């Protein structure tokens, strides 16, 4: 029981991170029907930017650890958002009317480009995050000791998800995003500027992904230029699990996958942890491609 | 002539998310006839076609082709049994030549597979020649032989419809289903089409068609089946149907919007 | 002679004599190109002809390679005898994994095949069934023997690899210009219309997968023999990406394009070794630019030509 609860909190903390990345996939897919293969690398860029800013600005010592980390994460989110919007402009917009495969290949190209750009700048070795950012204490709850870090990360991802949910449901831009996801043509006819919607999606998704990058750096303590694609694939699994294109679905899928993976690693095999996630992906696509929260659409021929 | 019809639909029903697209529809198509399936937009005509060709599965009911129940059979099997179709929204292989489009129809009457192709066996070469002969013949039949090396996308709209018919004929069907064959055609093209459909019947092929052009329907069909909101409201000879009060009401009362089906 | 024929003759002649002027290193580079060319040609059946977004080809390659490695080191079966068997194992594996996913739409299929390649790699690392040697892999694979002659040096391997590649090209050209090749193209263009024309789309998709995997498995035998050591690192997702990119950038569905793609994508980075760090960067950027400016690849697929001279009646204009 103790082990179970410990893994549950671990799973939720990691799941929150998956959920943040998954949101980027799901929003882009919702509007463009494109799997943004480079999204995982935007996440990596976030992690590395976070490291650079941490080491160079010394924010945490100037304005205290909490405010320092919040400001840092916001800066990273802004920077990664800009790269995301730039990516859309350069690699996807010219292919808006091309066959799907073209955009997919372009996305792969962007992924390769980003990975190698990171490698050229930061090197191929693992880089270490400072581990004294947050107190390494644990709190006791029901006899289980939970590291503060887990609670903070889980809380932070919940706050960001709640913010996004509010934005998408309540603001005009959010409504436009939802409309464009349902029917781009109709949205256009209703006077929605689809290009703007797409730009927003490519600002918000990467911003959340960038934040997730910093969180992974803080949680695991080390980062590497290739980590984006495993995280990306898992986050994509989370998005599929919840129902691709569905924002609450991505959140649910992320948390669920985090827990499934933590449990699988504990009770089945640690060595097969990644394989378990991919099995989940494949099984979902075979048996319920619309995901948990996706609507069952009539079989179109 | 035998009493059993070539095609018999009985109590055919299909709903999409609670909407009854086709509701308890039953009718026969006799050997060697041309039957028209008509009705206002959204009446479920194309759904009936998709049920016959196996693109949709009916919720209930039977489809007997030559006495054999073809419900739950896969589309390609149904084609092999002798039912060919054209699509309401043209579905050609747009980037391939007219000739290759028709060769697609020959496919189900050929046998050679991957290994035979790699070994290039003599019988396989012979089969390939026969297929080319049939394909060119069908292109000639619909009047497109001179354009056989054109990519399908470069043909005019009317010619694309004819090419779909040629492709369907290349499957050597006994029963041909045409979904709005005159859609988008001008008067001259429609006249050519009428002659073509009559020639198809002369080849011994039974025809079932959906068409909005009432002139065409009245001219060539010996029997009409009328659907409204998925329900069959009348069937009979064109002259009777013209006088049927329910049919007149259905046509006058129906809004003239576009049919929102996939094919 | 037509220009295309002249180019063909020149290319073949150059390939035949090239090893005489090249040192072992460059012949080895050519050998890599040859193996990738065969792999890409086999992927082209699935991705190019049938239009199925398959990015897991390294999985089939891995199954073939390991089949050879295991059976050779455990039972001492001569390497080249294992070629058809490795092909069959890979083909059978493809049948098992492709069967349930064959109906998936484009990019879903892509992501599932990526998942499969990763699962296979993880299985190899975890020494699945206790026979794959874990992350160290398997070593001590025998050199292949052809008519009593042991193939050892890169120069000797060159003729084995390019001989196999030549046979592959010949057979796949025939495949392309056949009922089978056309059927795959119809499915790529519009699978609903293909089924409506009497083509069993699911069956052909599956056959395309099995055939492509069979060939990748046979390529695996040659790879195992050339390396004598095999390990999971050779079968990462990026290997699949390289094969995928060769097909797409070279010219999806065009054998010449795929061959050219193999030379450019595997060969060019070797030529520009000084810029080793930046080559993948350029590679990524090139993929984006190609999709924008030349989406059908460097050498796009050409329409088939049919000889209709045997037909009577007015000339239809067919070539």
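Each chain carries a letter (A, B and C) given by its place in the written order, and its residues are counted from 1.
Definition applied: contacts are C-beta pairs under 8 Å (C-beta built on N, C-alpha and C of every residue); 3 or more make two chains touch, one makes a residue touch a chain.
Quick caveat: nothing in here was measured; it's all calculated off a predicted structure.
Peer 1: Mean of the CA atoms for each chain, then the mean for all of them together: which chain is nearest?
Peer 2: Taking the mean of all protein C-alpha atoms as reference, the closest chain is C.
Peer 1: Report the chain whose CA-based centre is farthest from the CA-based centre of chain A.
Peer 2: Between chain A and the rest, the longest centre separation is with B.
Peer 1: Need the CA-centroid distance for the pair chain A / chain B, whole Å please.
Peer 2: Taking the average C-alpha coordinate of chain A and of chain B, the gap between them is 49 Å.
Peer 1: Provide the C-alpha centroid distance between chain B and chain C, rounded to the nearest whole angstrom.
Peer 2: A distance of 40 Å separates the two centres.
Peer 1: At what distance in angstrom does the C-alpha mean of chain C lie from that of chain A?
Peer 2: About 34 Å, centre to centre.
Peer 1: What parts of chain C, by residue number, touch at least two of the other chains?
Peer 2: Counting only residues that touch two or more other chains, chain C contributes 192.
Peer 1: At which residue positions does chain B touch at least two other chains?
Peer 2: Each of 55, 263 in chain B touches at least two other chains.
Peer 1: Which positions in chain A touch two or more other chains at once?
Peer 2: Answer for chain A, listing residues that touch two or more other chains: 301.
Peer 1: Using the touch rule from the top, collect the residues of chain A that touch chain C in their complex.
Peer 2: These residues of chain A touch chain C: 34-35, 90-91, 94-95, 98-106, 108-117, 119-120, 229, 233, 236-237, 240, 269, 271-272, 274-275, 278-279, 281-282, 285-286, 289, 301.
Peer 1: In their complex, what parts of chain C are in touch with chain B?
Peer 2: Within the complex, chain C touches chain B at residues 171, 174-175, 177-183, 185-186, 189-190, 192-201, 207, 211, 303-304, 306, 308, 310-311, 313-314, 316-319.
Peer 1: Could you list, by residue number, the parts of chain C that touch chain A in their complex?
Peer 2: It is residues 53, 100-101, 104, 106-108, 110-112, 114-116, 118-119, 122-123, 125-126, 192, 237, 241, 244-245, 248, 277-278, 280-281, 283-288, 290-292, 295 of chain C that touch chain A.
Peer 1: Can you list the residues on chain B that touch chain C in the complex?
Peer 2: Where chain B meets chain C, its residues are 53, 55, 74-77, 79-80, 84-85, 87, 91-97, 99-100, 103-105, 107-108, 110, 112-114, 116-118, 120, 124, 127-129, 131-133, 136, 139-140, 145-149, 151, 167-168, 171, 263.
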